[in-house]
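These notes are about the structure you will find just below.
By letter and in written order, the chains are A, B, C and D; residue numbering begins at 1 in each of them.
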Amino acid sequence: MTTARIEKLDRLIEASVSAREAQTGSLLRQSFRRLKRSPMAVTGAVIVGLFVVVAVLGPVIAPYDPTAQTWGKEVFLNRNIFPGPRAENWFGLDHLGRDMFSRMIVGARQTLLVGVVATLIGFVAGAVIGGVAAAAGTFGGRWGERVEAVIMRAVDVALAIPMLLLALSVAALLGPSLSTVMIAVGVAQIPIFARLLRGSMLAQAHSDYVLAAVSLGVPKGRIVVSHILPNSLGPVIVQATLVLATAIIEAAALSYLGLGNPDPGSPEWGTMLADAQRFLSGAPQLAIYPAVGIIVTALGFTLLGEAMRESLDPRLRRQE
Amino acid sequence: MRMSPTPVRRALAAAAGAAMAVGLFTACGSDGDTGGDADTAEDFDFSCPERTDGEPQIDEAANESQPFVFGTPGDPTSLDPILASDGETFRVNRQVFDTLLDADCTDTVPGLAESFEQNPEGTEWTFHLREGVTFHDGTPLDGAAVCKNFDRWANFKGGFQSPNFTYYYSSVFGGFAENDPAMGIETESIFEGCTADGLDATIKISHYTSSFPGAFTLESLSIISPASIDAVADVTIPAADSPLPEYTQTVGTLAGTGPYMLQDWNHSEQEVTLVRNDNYWGEPAKVKTLIFKTISDETARRQALEAGDIHGYDLAAPADAQALLDGGYQVPIRGVFNLLYLAYTQGHTPLENHTVREALSYAVDRQRIVDSVLPAGGMVATQFMPPSLPGYSDDVATYDYDTEKAKELLAEAGAEDLTLTFCYPTDVTRPYMPAPKDIFDIIASDLEAAGVTVEARPITWVEYIPTTRSGECPLYLLGWTGDFADPYNFLGTWFAAPSTEWGFDNAEVFDSIAAANTEPDEATREELWKTANEAVMEELPGLPISSSPPSIAFAPNVYPPDVSPLTREDFSQVSFTTGS
Amino acid sequence: MALLEVEDLRVAFGNATAVDGVSFSVEEGRIVGLVGESGCGKSVTSLAVMGLLPKGRGGRRAKAPEPVQAAAAEPAPGAVKAAAAAPQAVPAGGGRRSRGGADVSGRAVFDGTDLLALTPAAMRRRRGKDLAMVFQDPLSSLNPVVPIGRQITEVLERHRGLKGAKANQEAASLLDRVGIPDPVRRLKEYPHQLSGGMRQRVLIAIAVACAPRLLIADEPTTALDVTIQAQILELLKDLVEDEGTALLMITHDLGVVAGMCDEVNVLYSGRVVESAPVRELFARPTHPYTVGLLGSIPKLDLPIHEPLTPIRGSIADVIRWKDGCAFAPRCDRVAEACVDGEPPLIGSAHAHRCVRAEEVA
Amino acid sequence: MLRYTVKRLLQLSVALLGLSLLLFAWFKALPGGPENQLLPENATAQQREALRAALGLDEPIWVQYADFLGRVVRLDFGSSLSSGRPVATELADRLPATIELSLAAMLIAVGVGIPLGYLAAKRRGSWLDFAAVSGSLLGTCIPIFFLAAMLKVVFAQELGWLPTTFRLSAGTEYTDVTGLRVLDGLITGEFDVAWDAVLHLVLPAIALSSIPLAVIVRITRASVLDVVGEDYVRTADAKGLKPSVIRGRHVMRNAMLPIATIIGLLLGSLFAGAVLTESVFSFGGIGSFVYQATTERDYPALMGFILVIAVFYVVINLLVDLSYGLLDPRVRVRK
């Protein structure tokens, strides 16, 4: 075996290795890099970022109090008089003489709040149900399997009830309010999260490393908590991003049906959109501002979610 | 009248129903036709103004060949008039069946009876029927036919007695010959019998009720053919939650005397088709085929009209009326016959303090609500009844919008940092309250301006009535569309006795109402009602906000019927027109 | 003239080069091996010849241009000509992969026609008929939702115009020929109902259904049990001998090569490093890589205590051919000369690509 | 397979029974009662109480439930409190409209979505792909009632191309066979009726199809991308088969497996969209009926609806299972 050092060879190897490392890196970093390259993800992130900034800073940026009917005497909805955009009110006035621009800005916060809280409700409750089912089914023996079967059939059936009807009856039970919308939309998402997490956990449970851990005698509880669960959360988190978009839209639908957030103290896009349906012919702008707000925001979350899903999905990755 | 509350989007099914007015043939309002398109609410007279649209250029060919399609906010429920209490059913049945008396504007006028007389005690009512009236099945109308109807109603059994079917009959007559304990009717029937003599029918009751004779204009008490009564004699309704009998859902069983005959009720298309009765005793209908078709969404109704899919619709949203007028559509304005109020539930400190109630009343800019939110033709209310009723007083205490005064009064009462919960319904529109949330928003904002902190409490309609009735809401919005031109139908139902919904105990108010209600002399009674109104506004149990008419709209090429404060439009007057 | 003449074949996926100027030929009726570790480019070579690589960014199967990797100063011999012939150059080094597509250049002359220059439609008319392929994994290579009979008859229908009962009859006889018992019943079955060996036989039946002149077998036995492997190889050998079909055998298994092939081409990092008749190669391996390969397989005639000598490192340790011998980083006999530019292919009957061949020998 | 299906059906029935109990309790727990809907504002407290008693609403809840179950067993769903008609009749009148609308929406979603998803996958990275993916994402982001309203404003109100409301023009005479107007028109040869019905279906169906369309485009694209990378597709290609054969027999037949499942799931969710779409277009289907029943606390109508949904759900599940068997021989043989 020759041991002669060939400097040039070392240099060439080094160059070649670093070139390759630039292309690979860890799985997570790869996903992230792919995300950064994806126009979908970038667009989504920019929209979501802007939205969050507006939501956080809302009351600071807004030129006026969004609930003050300052120009109340200039609007006559029964005579179709809705002052449109002008110097002092960039987006014009709403049907009660409030500054539409301020309402849009401040409304972002409530809209975000509805989306986030509703998603969290669905996520947490769904994750608990799905997680328990999967854990019981995998490691709980005969009884565990029965528990899993019962839980999952219930989830199946819950999925059969149209989401909106579920939300509708939750809303009817709790009375119309902002928290009703959050709970109603959140509850409707539970079965989806439950199924997703269970599926994801089952896939992990049958993976080689878990089988290996089992055969090495690692306690089952620990396998679930420290191996299966963390590795199963990816798709669920992606789903959460997508659900955020759905939640914002569903909230608007509930408002349209008269069950939305009725508190005039806090404008919210869904309620604004639903309210404005009455003036669609006379003052379409009142519907279009919140509609565009909702659509763009929902699109932002969806783009981000879809891009994340694609970057995490090994099946799609293989195609590249 | 029962109104189906409608989800906000669907507007209101029964709105229409509106009210039954009564009075002798002389009573209220101005005579003359309703209608006329007013451009704004300003300078509008509450009563029924002259029509200004002139003689129609009737398009005979279109009347014969084209159906007139009217968009209704909801489905009717029953083709047997007695079994319904909602406006949509009334609207259809009104074209097919006639009542003994009729209403023009808010005046009571002859119907099937050309005239009537009562004994001094008001316990015997004799109706002189028109000659030559025949039912659609060919049976002639006579006193016996009328009595057969009253006897049928009085002897209803089982589920027929349930208030969700025969609410109006039991409200007027107290009960039935044999009250079914399962139906919960506990009051005795005041009906003592009906005797017929040729074209005369005499109805006897055990004691006078202020509902008479107005009740005889109620669509529920329409007269149907005796042959039809025989045909359904064996029909039973076992329980309150039993389905309505089949004959009420399909055409062909019941015959009336009206200008139209039922041709078809297509439930899945939500469409009722009527065809002209060529043997009608009065002026025959102009349009041959009349279709009532349900469009529950108010925006959809407007769009259907604009697209030419329908030729008219009821309950136009206030926001649409101007756009329609601008587009050349007709939006004749009805007279007002309802009342919206803001209640101050005493028992919630400090609402029992008169100064606080006064302060709140001064704080509210009611004119803005009327000007900007309510349909054209609306007006600020000064007392708890519409102006078309006898007993309306011009001397009640008024509380004109004055935020400063409100603040002063609140300071005086030591209630500067007042916080009040304010309830409003979320999923309905009512004829007197087309957009509850807008009205709430405006009032809340006015109250905030006077320094009151308002906590919004939105409640769904099915919960709203019991909640406000129980006295849970310090402030709440509610209203009423009159059944009868009797002031008691407004004042009496609210202020006749102490109640949790108002929470006050003021003998002066209760006594003044009782005095007016039992006074037999008409002129004295009117003065007593005025006194009662003044007493109520002195007590200030709540703030009357407005009276406003629900809007109805028609296509440009249509001659609309006279519009009615009671929403009793007679579609036989409708015609297609040539030109615009 | 050989039946298949591959000249200077290059395949690049974006800026990653998989095949970097491969040339070899297959004579009529001969069995030629293409040998190397996984990743050396042997499968890509076969797919390129079959025209089965996903299209490059041109939309059409790119007869692409310059060797992407060697975009710089020292173009490989022959590449200049190719580049001149196809000027629509792929911008090299454009950071993104070309969306999974492959850029193929060079020539693969089959019976006088350059397969790489054919239109996709013309190529489709030949595939499965004149040249056919047997794939590595028989389970995933068969459509799970279509009965195997249909998967055979569709190729008969396409190239031989056989339909209905006739096609079925022919399919059954094909199954019979590849040694599947009870062929008529099997026609109706689905792939998951067959054993691995049977599935491979089905794939072979599909490949030989139209009596192709060239059969390419890509690791046909890798996924199979050892006992089955021998049967399949035997079957392939019989079929080829009966029909006089040429067979391009792609494998990493020198044992298979020794048993089957007439000639061998050894591939390393996208290039042929040694090419010789099979006996010659085994007798006198010249390139250190070939030597390494031979050293890493167990031999019965060696003393038991002699350890096997695996090649150190992995195929990932490479340098670019234009800088020197790609095998240099793993080579025990590496010298300064090895990294002094691109090593040429030396010799003809027994060719090799090692500048130090004499010293090694 | 059969045993598996039967077992699943049994499991489902038990679960549905439990669900019905749950929903029954739930609906009854909703505040407010139908008597407030059935009587006017001024009705007295005694009248309300009397009606509650007459409707049996003051019985203990388990008595009411037993009563409900007893009726259901006799196939008597009671009568709607707000319309006074038997719930079964009411459903029979309304259901066909929703079915027709849902089918039309699904037809659009499948007919456009699958080819579009396929093309997007085949031309991955192209403009078409970008347009299809972003369009489908956008489709899921537009509140359906707003989309419906906008479609109506543009195509019916402003352009006047299509009708704004109803299933048929008012006063149209037609023969009722299945309740699906288009189908009926074709069966009876009343082609003008069928055409009229189609015109009325277009806008609501497009609005309702937005979400399923978006989902189908994406699932098809993903599924096709998955399948085209499979070895057997390469095998098919190696056989020199025509692209159409490869597409149909090899790519789509395999890609359909997840698509079929999704279609099944979507059919259920169409009901939710129908509530909103039908309201905007006054389409007279079950959607608006159910919404009304919820707000009016029309318990019999609600329970009737839930039962229908349950039956639908079971049927759809069965169909999806069966389609799996049809599409995937591996499932067919396994049990």
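Everything below uses one rule, namely that a contact is a pair of C-beta atoms (placed from the backbone, for glycine too) under 8 Å apart; a residue touches a chain by one contact, two chains touch by 3 or more.
Since the model is a prediction, treat every value here as computed from it, not as a measurement.
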Contact pairs, highest-scoring chain pair: B-D
Can you tell me which chain is nearest the middle of the complex, judged by mean CA position? D
Euclidean distance of C-alpha centroids - chain B vs chain C, Å: 89
Chain B to chain D: how many Å between their CA centres? 38
Intercentroid distance (Cα basis), chain C paired with chain A, Å: 48
Can you check how far apart chain A and chain D are, centre to centre, with Cα atoms defining each centre and the answer in Å? 25
Where in chain B do residues touch at least two different other chains? 7, 9, 299, 427, 460, 463
Interface hub residues of chain A, defined as touching at least two other chains: 172, 175, 256-258, 277, 280-281, 319
List, in ascending order, every residue of chain D touching at least 2 other chains. 31, 124, 149, 153, 291, 295
Can you list the chain A residues touching chain C in their complex? 1-2, 4, 6, 8-9, 12-13, 16, 20, 37, 319-320
Mind pulling up the chain B residues that touch chain D in the complex? 1-5, 7, 9-10, 67, 69, 75, 77-78, 83, 85, 162-165, 167, 182-186, 239-244, 248-249, 267-271, 273, 289, 291, 293-297, 299-300, 303-304, 306-307, 309-310, 427, 460-466, 469, 478-480, 483, 489, 493
Contact residues on chain B for chain A in the complex? 7-9, 40-41, 298-299, 302, 317-323, 326, 368, 371-376, 426-427, 435, 437-438, 440-442, 444-445, 456, 458-460, 463
Hey, which residues of chain C end up touching chain A in the complex? 96-97, 99-100, 316-320, 323-324, 328-329, 332-336, 338-339
Which bits of chain D are touching chain B when the two form their complex? 31-43, 45-51, 53-56, 78-79, 81-86, 89-90, 93-94, 96-97, 149, 152-153, 156-157, 160, 163-171, 176, 179, 279-282, 284, 288, 291-292, 295-297, 300
